[in-house]
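Next up: the structures, one after another.
Two complexes are shown next, each including chain A; its partner changes from chain B in the first to chain C in the second.
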Partner chain A sequence: MSGVNWWAIAPLLVLSGGAVLLMLLVAARRDTPLSWITTALILAAAALSCLPAREAIPQAVTPLLMADSYALFFTALFAICGLVTVIVSHEYLGERHGENEEFFLLVLLSTLGAVTLAYANHFVALLLGMELMGVSLYALIGYPDKLELPLEAAIKYLVLSAAASITFVFGFALLYAAVGVLDYPGIGAALASADNPVLLASAAMIVAGLGYKLSVVPFHMWTPDVYEGAPAPITGFLAAVSKGAIFAALLRWWMASGLYELPGLLTLVALVAGASMLVGNLLALLQDNIKRVLAYSSIAHMGYLLIVLVACGLVADPHLAKEAAAYYLVAYSLTSLAAFTLLGLLSRASGSKELASLDDLTGLFWRQPGLSLLFTVALLSLAGIPLTAGFVGKFYLFSAGVAGSLWGLLALLVIGSAIGLYYYLRMVYRMTLAGDAQPAAVERPGWPARLTCYGLVLAMLYLGIVPGPLMEILRTIL
Partner chain B sequence: MRSTELLPFVVYFAAVILLVATMLGLSWLLGQRRANKATNMPFESGVISVGSSQIQLSVEFYLIAIFFVIFDLETVFIFAWAIAFFELGWAGYAAIMVFIVVLGVALIYEWRSGALDWGQKTRRGLEGAPPIEETP
Partner chain C sequence: MKDLLWLIPALPLASATLLILGGRLMSPRIVAALGVGSVGAAAICVLLTVLQWQGAPLESQLWTWMQVGELSAGVSFYVDGLTLVMLSVITGVGFLIHLYSAEFMAGDESYARYFAYLNLFVTAMLTLVMADNLLLLFFGWEGVGACSYLLIGFWHFDAANGAAARKAFIVTRAGDAAMALGLFLLFAEFGTLDIQAMSAAAGERWEVGNPTAVLATALLLGGAVGKSAQLPLHTWLPDAMAGPTPVSALIHAATMVTAGVYLVARTHELFLLAPPTLLAVAIIGLLTLLLAAFAALCQHDIKRILAWSTISQIGYMFLGLGVGAWGASVFHLMTHAFFKALLFLAAGAIIHCLHHEHDIRNMGGLRTRLPLVFISFLIGAAALSALPLTSGFYSKDLIVLAAFEAPVAGPWLWAGAVLGAFLTALYSFRLVFVVFFGRTNTLPDRQPGPGMATPLAVLCAFALVGGWLGVPVSNVFPEAETGHAALWVEVISIGVPLLGLGLAWLLFLGRGLDAGDLVASPPGQALYGFWHAGWRVDGLYDWLWVKPYMGLAALLRSEPVDRLYGAVVGLCRLLHRALSNSQTGRLRQYGTVMVVGVIVLLNIVWRAAG
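Right, the complex of A and B next:
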């Protein structure tokens, strides 16, 4: 440990120290606004601490963590997403009876898990980050503990997540038995020379475990139920941070171990990607609940993202694929956070009831013009309409796919996007319909939440209209 | 490990399945069947069972179990550190101190939020909490 430049892992230290501090604070004084502001400050400090951390990279901090620009980029992204979640959850928790301080503590811990995943360069760190993130999420999903749906969602997520973790760890155990190392570069070196049937089994188990967390077909069954039951800000967090972090960790492993050179694994991932794009989009058509539509669309989005992993193996320079994945993750995180946050705010503003079915959207434009407009932008970005971040992200994926000549997967991407367009625009259409002109007791959300939504939507439009700066950053650091 | 080396393992696996299937199958085929009142009663070493198994336990027991896991695992890590005390030196000492301090904070938190008190009423935030609502 001696000679470690602690600045390299400053965000991790800030987050873990902050969590301990917040726990003491809650023990000393139960005060929701106080914990809310403290958590927001800690997350902002974690995001900002990436700036001085740049001086200390690249550096391996113990064999478990690798501090490089990739880790810092995703750390900043996850910390910002966590910050957004915390800011808007205050609005959501507003009238909840009972203890709300732990909610923020759990978001903090979950973000810490995600950041650990961004740094992970070893299976132990990968597992640690995944469990830290997952266990906090179980509690967050079931946080409205007086309602039936969230409890059901939390139990489902808990049981299935545990099963996935077991599969995943068993896969590691087999891998370790076969090659005798657990760090990414070591595995890459061992895999290149090994020829062992056990490896195939372990690879399949690890892909299944990670596939569950990313909710790709055929491990997607939990997604709609959990998305529907979880509180809206947490659904956004789940979609943006949890999936983003798992994908970031998977991508690093993929690159560091050179897994893209194994043709069998590429075929497997290509099949999973194709099935996710198709099944996700088709099933989204059949839903009449907004959260379930978005859940199935997230399955499809993860399918799009998996194209990158396949493309890595077929392009001359895997860096393009890495760049595409990073851009898409940024766009997708911002967009899904915005969509779920706005959904939460819209339902708050139109009464106590959660906006659930598509029918509830009818005439929303006339009742809530401002928020509906923002929600429309988020939906268009999810659909990948030009001038939004979603379009540039999809374009990036497309160019990565073209570079790898993945015509089959690209055809599915196009078909999927076309189907997607239908159900996203259907929601927009519903909102513009003339509804029953009952100006229900309109409750404007507080300024922090509104400001955050404007910020998210502006960022989405900025990334869609001027993608150059972020592309340049990604090109230099990845 | 080549696939030929796996062969004994597969044979062993098949043998175990076969053995168990034979034992269960033969006793089902050859065994006698009775339909007495006592046949389907759970066997509890001759004691006649009382009541249903669907009883509700206080959630406090769950809390105690969690505390046991937390504070029992703590000793596992501390023992592991103690064995290698001299080899790990000051770095190890610093690491274990961080660990113990975090546990201490957890204990303070539990104590302050009333998790160590027995009984529902003393736990904060639970007074007068409404029962779970049914959602349509």
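Right, the complex of A and C next:
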């Protein structure tokens, strides 16, 4: 390991060191606010450590990890998303559960898994990151252990994840049998010679395993149940970080191994993408439970994202597709994080239980004008209304699709967005209705959570109104 | 003075703005002072401009409204002799009518609203005539249309007034649409809408009779026909009498309805390149003047008689334009503004003093009861009939003689114009004799006050001697070839109105013939009904346009196209239900779906790989 510039993997070191530190801290002294602040600091440090790490790239750190600008970009994104989750979770958990130190530890570990995925350049690293992230998530989903719904969700996620992992690992085995290597560039090099069905089967099974985590059709069944059961900030984390990291890893594998040159795989991904867009939006259409609506809509969003994987194979220069994917991921992560965070805060501010059904939204504008307005912006961004990040992201995807002449998928994208508009606006409409006058004892969320929400929404608007700078960054690093 | 041109439209605009914003808070006295004073001040500005005018066109560029590609739309004014005539009429007659309104409308609960609209109208009309490009002209053109709509429907609590206002708006809109197309065409041809630049370019680009020139001028003529209530878009003007009488005097007699004449005169260099359009202008004018004169003969509402008479007189102006007597038309426009405003204001005074009585059959013998009104009306009717030495005589005579010398069908046009002159005298003096002579049917309960009497007196003077003023348009229009018509032509032209007067005397003063007998005979009855209804054009249009449109609207009311979208919605709902049923929440079924999914994926890749 001589000659390695350790700065290249500084975020990984910060996060794993931080996890150990936090564990020791908790062992020494149980103090929720202290561990909360420590976790937040560690995540902030991880995000900031990307800046000096830029000096040391590109560099392969062992065959497993590839430290490049792609990895650092997503590392920063996931660390920030983790930070947001931690900040608002404290608010959300409140005094419900007494001592919550392990919650923050789990978020930290899960983020570490996500960052590993951003670096992964080898299937072993991919599996490691995926499981680290997943195992922490099982516990996080079922964290409110006195309630039935979170436990049910955790069990479902656990069992089905196990099945997906098995499929995934089986895919490895076949891949190894077909080409004899497991690092991405090696696979790419072997691809030209290995023209056999085993390779295709292995790729299909790996896509299936990752597709489960992305919750695309036909591996989407778990999504609504888990989204509904998990605590709102964790649902946001699941949507933003878990899916984002898996997609980042998938995209790197896809590009580095040149898999998009296999027509069979392109067909497969195109079908999955189309089905996801349609099924996700249709399922969300008349759904009455807010979290389930957002769950179904996430299926559709992942379908939109898969368009870029197909586009990669059909354009001369896949850079546009890659940029589109990265931009969309940023926009989607911020937006879904904001949506679930606000949902959590609104639930808490409304005093009672979790906001569950659409009816609970009625008249929210008049009770909680500030938070409702932010929530509205988040919903509009999810729907892809101009002047929000969601619009620019979708526009980017669309142009990538146009470059690849994917008319069928683009038609589905348009139809899906049209259906989507209905259920997003339905929620906004519900909030503006005159509610029954019940000015329940309104509890204002603390300033860190509020500030975070404002920051997220401002970022969304900024990316929607001035998309140029981020596009420029993506163009240079990808 | 050139730098102060902007003041002319700005003064009434400022007043209108103040009245709209704060009119409710002002006392009627202040409202009247503001409304009347602003137009008076504008009139003084115009007077100063006229006095200092050297004969060269004045140009004043205020600002650029927008600049898109080649199109540069500026708010800039161009004032030459033609514009000065229009400005004088609009502000001069306009001021008198505003003054008259102050008394006529006293006590109306929407006094401030009335003056706000009226001032706004004056602003728009001034913009229309001062604009140096067709876009700004069109802006003023639509502005006067909107104000006309607002003022016809001023007493909007009566639904019939609202209907009349809508009719006026929609019918003129048909013409405006044609005019807008004409503007597009001209812009496409020349890349500019500046009138002077366009006129110069047209002379170089188009030879006489160029088809594009004919089309463009025909489209402009469409706008002119709508605004000036000429055939076939004349039907709105009689109904527009639903508005207050001073409004009828200002908008629907003296100024707005002559905007079409102004437009044709302003763009005469284009029309000169399109002889077919010019002939159409003459024929439209002739037909309109005759049809409207017959219709005027058979009305009993005093304002409707005057409205039909207005249509007929504008027909004379169009005839003049069509035969190339540009100056004569503009001259007639001016004298018509004097005597028709006088007639309307006098009619308004009668209506005012006779408890809102409109029907001339209920009037009579007012000669001694309302002497000032009688004198005003007599002078107005004499000028309208073009009796020698009145203002109308000079202007109408010029048009009639020019018609005789027209290159195409001159004698025919002349004969029609002469017949029209005969009819004009007949219906004018029918009005005078029926209203002011004979038995007194209704007694007036008051006399017009000084606010109404003064404008009447001033307008009397102008209607009498306005013919000596002349119009300074020799630099604007090409020199007319002045041939001398044969003596018999002149004699007939001058004598015919006297014949009409004589016949009216016989028929309506009961001297030998009785109009009642004529109307009672079967053919008389039929003709009377036919002409009373304005040649039943309204019925025709109702059948031709309104009914099919309403039918279509009724058909679309159930939104048949929406059914299609309804089906899409239904399909989505159906799919949603079907898919939702798959979300059972049972882990074993979820697992099964995953396994099946993997198998399907494997099948897809193998199949694709062949």
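Throughout what follows, the second predicted complex is superposed on the first by the 476 of 478 C-alpha atoms of A that agree within 3 Å, B and C clash if a C-alpha of one lies under 4 Å from a C-alpha of the other, contacts with A are read in each partner's own complex, and residues count from 1 in each chain.
Quick note on the criterion: a contact is a pair of C-beta atoms (placed from the backbone, for glycine too) under 8 Å apart; a residue touches a chain by one contact, two chains touch by 3 or more.
Computed from a predicted structure; not experimentally measured.
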So, does A:V20 touch the first partner chain B, the second partner chain C, both, or neither?
-> first
Touched partner set for A:L151, first chain B, second chain C, both or neither = first
Quick one: classify A:L286 as touching chain B (first), chain C (second), both or neither.
-> second
After superposition on the shared chain, which partner residues are touched by A:P197: those of chain B (first), chain C (second), both, or neither?
-> both
Quick one: classify A:A28 as touching chain B (first), chain C (second), both or neither.
-> first
Could you let me know whether more residues of chain A are touched by chain B or by chain C?
-> C
Touch check for A:V181: first (chain B), second (chain C), both, or neither?
-> neither
Look at A:E99 in the shared chain and tell me whether it touches chain B only, chain C only, both, or neither; answer first, second, both or neither.
-> first
Of the partners chain B and chain C, which touch A:L160 in the superposed model: first, second, both, neither?
-> second
Do any residues of chain A touch both chain B and chain C, and if so, which are they?
-> 197
Interface with chain C, chain A side, in the complex: residues 155-156, 159-160, 163-164, 167, 197, 200-201, 203-205, 207-208, 212, 217-219, 221-222, 224-225, 263-265, 267-268, 271-272, 279, 282-283, 285-287, 419
Given the complex, residues on chain B that touch chain A span 1, 3, 6, 91, 101-102, 105-106, 108-109, 111-113, 124-126, 129-135
Footprint of chain B on chain A - complex, ascending = 1-2, 20, 23-24, 26-28, 30, 97-99, 146-149, 151, 178, 196-198
Over in the complex, which chain C residues touch chain A? Could you list them?
-> 572-573, 575-576, 579-580, 582-583, 585, 587, 589-591, 593-598, 600-602, 604-609
